[in-house]
Structure formats: C-alpha cells, structure tokens
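Per-chain numbering from 1; labels A, B, C and D assigned in written order.
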Amino acid sequence: MRDSIYSFKNDYSEGAHPNILRALAETNLHQHVGYGEDDFSKRAIALLKEKMDNNNVDIHLVSGGTQANLIVISSILRSFESVIAADTGHINVHETGAIEATGHKVNIIEGKNGKLTPDLVEAVLQQHTDEHMVKPKLVYISNTTEVGTVYKRAELEALYDYCKSKDLLLYMDGARLGSALASHAGDLSLGELSRLVDAFYIGGTKNGALLGEAIILCNDKLKNSFRYSLKQRGALLAKGRLLGIQFLELFKADLFFQLADRANSLATRLSKGIEALGYGFLTESESNQIFPIFPNEVIEELYKSYAFYPWSKIDDHTTSVRLVTSWATSEEAVEAFLRDLKEKSEK
Amino acid sequence: MRDSIYSFKNDYSEGAHPNILRALAETNLHQHVGYGEDDFSKRAIALLKEKMDNNNVDIHLVSGGTQANLIVISSILRSFESVIAADTGHINVHETGAIEATGHKVNIIEGKNGKLTPDLVEAVLQQHTDEHMVKPKLVYISNTTEVGTVYKRAELEALYDYCKSKDLLLYMDGARLGSALASHAGDLSLGELSRLVDAFYIGGTKNGALLGEAIILCNDKLKNSFRYSLKQRGALLAKGRLLGIQFLELFKADLFFQLADRANSLATRLSKGIEALGYGFLTESESNQIFPIFPNEVIEELYKSYAFYPWSKIDDHTTSVRLVTSWATSEEAVEAFLRDLKEKSEK
Amino acid sequence: MRDSIYSFKNDYSEGAHPNILRALAETNLHQHVGYGEDDFSKRAIALLKEKMDNNNVDIHLVSGGTQANLIVISSILRSFESVIAADTGHINVHETGAIEATGHKVNIIEGKNGKLTPDLVEAVLQQHTDEHMVKPKLVYISNTTEVGTVYKRAELEALYDYCKSKDLLLYMDGARLGSALASHAGDLSLGELSRLVDAFYIGGTKNGALLGEAIILCNDKLKNSFRYSLKQRGALLAKGRLLGIQFLELFKADLFFQLADRANSLATRLSKGIEALGYGFLTESESNQIFPIFPNEVIEELYKSYAFYPWSKIDDHTTSVRLVTSWATSEEAVEAFLRDLKEKSEK
Amino acid sequence: MRDSIYSFKNDYSEGAHPNILRALAETNLHQHVGYGEDDFSKRAIALLKEKMDNNNVDIHLVSGGTQANLIVISSILRSFESVIAADTGHINVHETGAIEATGHKVNIIEGKNGKLTPDLVEAVLQQHTDEHMVKPKLVYISNTTEVGTVYKRAELEALYDYCKSKDLLLYMDGARLGSALASHAGDLSLGELSRLVDAFYIGGTKNGALLGEAIILCNDKLKNSFRYSLKQRGALLAKGRLLGIQFLELFKADLFFQLADRANSLATRLSKGIEALGYGFLTESESNQIFPIFPNEVIEELYKSYAFYPWSKIDDHTTSVRLVTSWATSEEAVEAFLRDLKEKSEK
C-alpha cells in the first residue's frame, strides 16, 4: 500500500502479475522481429485459439481498450454506418468521442442494467429508415458492463440471433471480460463467446497485464487487411513482443481466469459484507465492480481511509459508489473496509 | 542471440534495458492513479524538464512513434492545413496514411540527405497560394533522419527562423533522437532543441525502453487541452505508470544518453571497418543507422549469418543496405560481421 | 398543381420565385470570375450586411443546409470538441451523421418545444468534466425549430449570455430563418440576430431560391481562412454567380421577407381554420410549419387529395401531422384543404 | 461581353445554355418531391442510361466536381486504402485536400501529358508492399486531363485491363468529359466509356449547365447505399429537380455533345491560328483547353484585352498560357484574339 489510503478505485492501480515481469526478464535479450510478428505473439495467439477451441478467428494484440474499440469499429463500418450502444457504454461517454473522430455516429439507447436487448436495438432500427439518417450496422456491448453486470448465454444468443436477422454485426468490449467469464452469475465460456459475437476483445490491462488487449475477429468478413488498420491508428508496437509475452503468460496456465476469479471473490466478499450491514446496491453484484448505496456521511468517513469513486446520486442523503477489486487487491484491505464500514455505520 | 542469425535489422529487436525491468518490479505493487497522472509520470516529466533546463514545455508520454506523430500533427492542424515532409519522412510512406486518416494532406518534397532546408520548404509554399489548395502549416522533420543523418544546430536554427518568418510550425520526430544527440556529427543539446522547434518527441522504444515516447510541446499555443487528443486517439494508457517508470529510469542517471552513445559507437566501429575494406556508403554515417553499399553477391553471403534490410538498388551489381545498432547490440556481433565481411569480400 | 394531389409536404416542392429566374436570364451571358468571387456574390454580400446593419460579419454563399452545417461546425471545432443539440435538431437525426463524419460528437438533450435553454445546456456541461469525455464547445439551435417554433429575442439573449459565460459558441441553423423573422410570435430582426449568435445561416432554398444558403460568421475568431473549408468540402461552386444572383434578388427589395410573410400567413390561415374545427396542435403554430392533431381516419381521407407527412403518434386513434406552406403555396389549396377537412370531420 | 476584357480563363464564365433557363421557367411551379427523387431527375437518369446504352449503371446527380470526387472516392475506399493520381490530377493539388479530409492518402506519380499508364501505376504498387504503407486501391484519371489531353480508347482499355488484373478500381473525373468525347483526337463513346471504368462523372457545369455533375457507378460493388454518402457529404439538394431538369435538357437532343463540339471547334480555330503565327504548345491541342507558348512581352500585351491564366514558365523569356473556350465563347472574340496576337507578334 502506497500510503494510508487504500484504493478501490479501479483494477489498474498496480503493475502486472509477477509471472509477467518474470517472463519479460527471462526473454529480454532474445532478438525478435517487430510489430507483432514475433514468436511470442504468434504463440500467444495460437494459445488463445486453443483456449477457445476455435481456429476460425483472427487475433491481434493492442495496447488499450479505447484503441481496440476505435480500430475495430472504424474498420468495420462504412462512413455512413453507425454503432448502437447503451447510454452507459464506454464508447458513448468515456472515450472522448474516439468513435466519432473516426467519422461514425454512436446511436444511444437507455440500457437495462447496462445491457442491450433485441427490443432496445429494434427501437433504434425503427427510427432509422432511409438515407437521411445514418444506417445502424454494429451493436456494441460490454461484458462485464460498465455497471458491473454480466451477460448470460441466453441473453447473448438472443441478441446475436437478432443481429444476424437484421444484418447487424455484434461486437463485445471485453475490458473486463475475465471478470465476466469468472462470474458466479455468468454461464459463458470463452469458446462459446467466440461463436456468439462477430468480434470482441479480451482485456489484459484490468486483469493482470501491464497493458494489452487481444482483439478477436470471429466473422470472416472482418478479417481482411486488419493490420493496416492497426498500423494506421498507431497500434502496432515496435516491440510487439511486450504484448505477446504477457498474453502467453496470462493464458498458458489459465492465470487469466484465476486472477479474474480472485478479483470476483473479493468483490463478493465485499458485497456480502456490505449487504449484511443492511445496505442496498444500485445493480446486482455480479463481477469485480460493485455499486453499494451509502449515506453521504458514511461515504465522507470512508474517504478518510479508502479511495473510490462516487457513482450516482440516489437522493439528497444517499449516493451509490463504485468499489472495484482486482487480482492485486489485498484481503486485508477488504476486511478492513468492512470493519470500518460497520463501525462508521453504527455511529 | 536467438539463433545463428544475428539481427542488425533495427534497434527494437530486444526488450528493455535491465534497469527498467528492475524498476518495474520494484514498484509493481504500489497503488497509483491511472492515465498518466501517477507519481512516476509526474516525476519523469519534471526530470525531463530539468534535463532540458526548460520549464516552459508540456510533456506527455505515449506508446509509439506513429501514435505520437498522428496525435501531435492532428492536434496542431485545422482541417485544411497540411504538413510538409521530406519524401523519406516516416509519415510519408511508413505510417499507412495515419496523418491522412486524421484528415490532413502531407506535402512531399525531395529532401537533401533526408533533411529539409528553408529553400525546400519555400518551394512548397510557392506552390500553395490560395484556398483551392491546402495551406501548409507545419514542417515535419526527423532527427536522426530516416537515412541516418543528423541535423546540425545551425541547420535547425535556419529552418526554425524560416518557419517563424512564414508562420509555419516546426515539429521534430525524435524516434531516434538519442542517437542524434549523441552523434559525433551533432552539436545540439536537448535543452537547445527544446528552444528550436515548436514540438518534438523523445523516442524511448528505440533506445532502451519496452515502449514509450515523450511528446514535448514547446510552443504555448499547442499545449491547450492536449490530453483530450491523447484520450481520443487511444493513447492514454490505464497503467500510465509503465511509461513514467521507464522515462524516469532512462533519464535519472543519463542512461538514455549512455545507451545512445553505445549504439552510435558500435555503428561507427562498423562503418569504419566497412570503409577500411574499401566500401562506400549511401549517406554519411552519423548515427546508429549506416547504409553501406555492397556487391549483391556479398549481401547474399552475409544473409547467411546476419539479418538486415536492403535499402536501395544502386546499380545492377550493388545495393545499399541498412545496418542498425542499439544499446543491446553485442560487440562480438559487430566484430564477427566485420570479420565475415572481410572474408567474403576477399573471395 | 402537378396532379390532383396537392402537396403540403414541404417548402421546396416548387422551383424559384419568378424574379430569380428573370435575373438569371438577364445576366446569363455576362462573363464573371468563378468560385464566389463574381460581382453578383459581392453585391449580394454587401446588401446582406446592409440589411443587418452590420459590417462586422463575413458572409459566404453555399448550396444547402447540411453542407452549411457541416462546414461551419467542422470549421469551428477542434477534434475533441463537440456540439450540443436538441434531440429534434436537424444535425442529430436527419443529416446522416454529417457532423460525426467530420469527426465530432453531437451531444443530445431533449429540447423544450424544439428549443434549447441555458438550463438544458448546463446539464450537458455538468456531465462533461474532463479529458475522458468530449469537450462541448458549440451550441446548435434551429430557428424556426424543426417543430415550427420560434426563438424570442429574450430567449436568444439568455442563451447567448450563458454561452459567452461558459466559453461556448452559439450557432443558429436558419434553414427557415425567413419564417422565424416574419413570425407573429417573433420579435427579432436580422440585425439583432447577427449580434446574438456567433454564426448562423440564412436559408434561401426554403424561401424562394432554387438553392442557396448564406453563412454569416459574426464572431471574428471564426472568420479566418473559411474559404479553405468551403473548397475542401466541395461547396465552392464554379458558377458561384448562381448563388449571388439569387440572394441579390431575394434581398434587394425585401422579397425574402415578403415571401416568408406570405408563407406564414397561409400557415396561420390553415391553423386558425383547423382550430376553428376543434382540433388541437402538437406545438404552437408560429411559423410556416404547423402540426395539427387529427383522427387517423380523417388523415386517411385527407391523403386522397393532399400530400403531407405524419409526424408523431399521439395515441391509438390520433396522430399529429406536419403541414408546410411556402411562398408558392396557393390560397386556393389552403381553402380547399379547410373545406375538405370540415367535410371529412363532419362524417 | 461584360467589359472590354474578354475572358478565355475558363469554361464557366457565363451562365447556362438558354434551353436550360427556358426549361427551368417552364417547370417552375410544378410540385415535385425533393432530394433527387423528382420526375425530372428520374427521367434524366433514364435518358443518360439510354444514351450510353447501358442499364447496368447507377446514376446520381450532384452539384460540383470536387463534391463528386470526394464522395465517390471516400465511398469506395476503406480507411487505409489510397487513390493513385497523376501529379497534375485535380484531386492532388486543386481540391484543398478534400480527399485527405475524408481520410485517404493520394499517391502521386508524374503523369505523361497528364495521363496515367499501367507502367506508371505499377511503379506505385511496387512501392507499397505491406501494412506499414497504405494500400493503393483506386486509380484516378481525368478526361480531358488538366493539361487538355484526351484518353484514346486503347489507352483506357490498357489501363482498365491492368487495374482489373491488380484488383484496382478505375475512376474517371469527367469535369470536361464532353470536350473529351467530342475531341478530334478521341475515339470513345459514352457507352464504351461506361464499360471501361468502374465509375466516372459527366460534367455539366463546364458544358452548359448552371451547375451539376452526373456520377455514373458502373461496377455493381460500388452502388450499394450511395445515397447515404451523398446525404452525409451535403450533396442531396432539397430541390434536386434543378439538376434533373438540366441534365434532361442537355441530353434530350444531344445538346451536351453539340456544346462540347462547339467549344472544341473554337479551341481548334485558336490553336491553328496560333500555330500559323509560328508559336508552339506545351501539350497537344486536343480539347477546349490549349496551352500555347508565348514570349512574355506578347502575353503582357494580350492581357490588355484578354483574360487568361499563365500556366508554366518555359524559360526566362517565354511562358505557356492556358486558353479555354466553351459553348458560350464568341467567334468574334476568337477572331479578335488571333488578329491581336498577329499584330502584337509583329511588333
């Protein structure tokens, strides 16, 4: 802990899992070609295909989530085509107009617990009927969502079937996909996922890597010339090995899933403890992000020892906050938080 | 050495200087805020300002050179403004139209040894006289250039004075700035440089870092809201500490300059050895990239033990090649190359 | 009337006011320079400045409204800056993502009767607090609005004052500005308007011209190099005289205002007649667009003789429709519509 | 003639052919739907297909050449794909970076008399070999070229065959296509042309219309959703009838070809007269643009009575100039020019 304030702000407060640092050190002086064509990247990609038991995908490793989103989306869409997203969707608010900067409108709909359904998407299609309006072509979802919820397999199947019936493509932002796949509320495997979307990415940054997201292109039509898009948007790292080594390390002994499971378990411990103290939540606690609702004065007290973000005002007296755990969260911090919350709640 | 072929292809074949890996490990579990606002990044930025004895600059750390170029250039230019570059300039050919993808034309002129001069730029201005043509606004130069040459202080002063007189801005791509500053042919300090351009970047990737370039905004007019541009183009890493830690390590004991000096020295040893064997060069050997001209059959022989890129056909029998050294190049490999060259030349 | 169906669909169903055709014929063989630098355009611009008693504006003539909007907005904004619009705003839905295609997000808020107020804009600013989100910079309003309402001077003053206090710019889409200025509900003059916004355009197409919109840049900061933007977006007509001649004709004897007044009067006659028959309206009838609410079976009957657009479903039995009048609408058609409506209502 | 200076500057100095003005007046009060779906536009499109004896094309009418170019090119290309053009190509220099503003690089090659050949295009392909460079996808040519030359059928066939063999598309800018088709040096019909390119446009502005270019999409792959692109770039005129009426008038009795023939004949008379006086030319005189070379003092004398553009400096004493004729050029002016030239040459 860096100082007396412990942070539950996010899942990228620390560096990388030690295995990754060790692998970087061990391979450091090996000479490799650049720009993602090194052996590490190739082996990582082969391993990922194996893990999803799916050879019919193309995989590309990039640095970050906004980068992944803007490259995938701009690569898929023609200039007048748009992407549909929930109002809470990361591309809507929190990427500084990155999608629009590539020329595309984001059609916003109010999601249900951060999720999209066929009905919600249908409402957007109904409004877009001719060439005086953009042509919705891609549906963007996040898993876990930005409010910590998780898509069930049946939900995803229904959405994907709908998309196919409407000539829409489906793309999943997996910045926190590890947590979604490891969720007690989830029932999807990586392999199933790769058959239920047209493209997605597996987030490394928020699950143990220094940086790195693996873009998975499932639909054959999206695969052609993708490396041109990567290069053009500044996403081909000269030392692409840095990404390959990390994904290799994360997946070679299922570390990725173990880390996600640990993050989820600690979040569950937090949420159950908070619930036991009588507090409610903004959304179901299904992943490594939970959104308890506290009285404002309790929040002020907690700020003295813990860092976390306020999320939304519930009423004049209470606010939901976001608590995030990760592979690196200490059990002691979780216990201390619950102890302190109990004490401050009893005041 | 990964296999029996030793690579002189580039300066990013290996990982990072060991000091960097050590620093990453030592700080790994410290909690820090994300997106470049961590203490490491702040300290690295303060240190860079100190090294250039210039507090009147803004500094931002990003992942790669194409990313730096496209963000700086698109942030500076209005939609109808263009950037002038030498035909050899990296943004012209080797960035997959990254600048054009942000909406801007690159005006190309044939450079002199990869460099631009006031006369060359003037010729472009003469051709662009009204609103039926783009308005050239920015001059892009590389140092070292893509053909290994280095700007002298007087050359840069002349160019910057010219630019100011024409209301043009001057931007330097410093992917290999370390090598330029450490060059026997150069006479510029980092501090002087920061007063002779409007913006530049200091390349880390090709001089000891895993990844990372430091964008330096010198002209006050370019500083406003720059972080918005970073975010929009996908360049704000969640774990920005990864960049901060590396630049801190590179500059805290002048490691950056020592590594560049080592790379240059090995290139000089190579070029002097090659020259002693009677071979000529495409351009002056001033940095860590040299361009000897060899008979084609000698090149074929060398390929059996060394990897390097052919550069340009000189005539039907000879070709210039590019040999690149780095902080990680082994002295043994340099000696072996010269020995093998001598032997193959004597055949 | 082209056939037995009379159209109240819009205000661009006919050609141009006969004066315009006459002027085109009279000047047809005069030789003039191209691209908007002809004498007609210069005289039209001088006349417009005179009509608004404001020499401190720059004026440029273009072909259409979407073109005007995309050029003005993209010329004003830096890449990460956004434009705020009402949900009904033309740039939001009905321009096929033209603004996003130039790289900018449109921030949408639900308007009040199609209008924006300081409070509504403030809500958007509150949500956009740092570089992870776009930076709202421009407020887009339409006058008349897309639902036929008109900004009062006090409303515009309040909005402009607010914008200035927040470093926002204010831009008015004047596709139907003639109707707004001639509205019984309005109290703004063209000259006042030119001092209450940073930029606007005066629509010619919907008020008697074959095509043509006059972009007025009021804020000095927006004037520089604007013709470059025009050319780059394909808006500089070789025979710019076509636009100059038309605006000259429209404004030289205040024809523009007379045509708008006529259109409004006919709309008022329609709305008063409809009201007298006991029908209500979706919004106040303030301009040449009115939105009466009819039973669905009445609408079906009316379709047999009149063309017009359904606007929005009110309930299962009634729908609001849009009726538009113009300078070219025939009084007979208005009377016939009211007669037929009366008859069909009595069934 | 507007004043004592007669202009040979271009072919858009006057208004429209009188037939067009008459047709506009005659149809003026007919009510029609907007945005290019009016009967006039539909009939004009049907007529154009008939004239080229080719029903397998899609046709769209737009306002101007830069608009046509930027819409066609951006509609065809993916973000990393580029367009190849001759250095003299209009999109290279004279459209203010309109193509780059839609995100695409223009690869420039020095043309031969303003024309491209398979060999020239091949040289560009040779230089673009992987994803670090843009992917050339479209070849842009102009007919007539910007230096007044005309593509022969065999030249076009060779280029089109080459393009098909390399998976390149071929697009012809026909701003002055009328003059090319009517050229004594040409041997192409409109119908043949429509089978020898993937897309082209027929320029109306420079051959008798007030404004208007007809985009012809020949390749099926380019047709889908094109009206979305038109709308997004601001090219759908509310009163699209203005374009339909003009093209109908231009083609219904082959007026288009007659006007082009007249322009060419006058240019030929000029060029033969100039040649007879002993002057040479920069390029062959094949169309309505000719480029005689005159002593500078002769040019100064001519400027007293005629307006025209200097084109390029030949040596310290002589300059090539551009003389352009059109459907509206007066025979008297041509004769007067030759008389004056003779007189001034004899001084």
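We adopt the following convention: contacts are C-beta pairs under 8 Å (C-beta built on N, C-alpha and C of every residue); 3 or more make two chains touch, one makes a residue touch a chain.
Treat the numbers as computed from the prediction; the structure is a model and nothing was measured.
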Any chain in contact with chain A as well as chain B: C, D
Any chain that touches chain D and chain C: A, B
Chain whose mean Cα position lies farthest from chain B: C
Chain A and chain D: spacing of chain centres that average the CA atoms, whole Å: 51
Geometric centre distance via CA averages, chain C-chain A, whole Å: 43
Junction residues of chain C, two or more chains touched: 79-80, 95-97, 101-103, 131-132, 134, 228, 231-232, 236
Partner chain D, residues of chain B touching it in the complex: 79-80, 82, 93-97, 100-106, 108, 127, 131-134
Residues on chain A engaged by chain B in the complex (per definition of touch): 1-2, 6-7, 9-10, 12-16, 18, 21, 24-25, 27-34, 63-71, 95-98, 101, 205-206, 210-211, 228, 231-239, 241-242, 328
Contacting residues of chain A [partner chain D, same complex]: 35, 74-75, 78-80, 102-103, 131-132, 134-135, 225, 227-232, 236
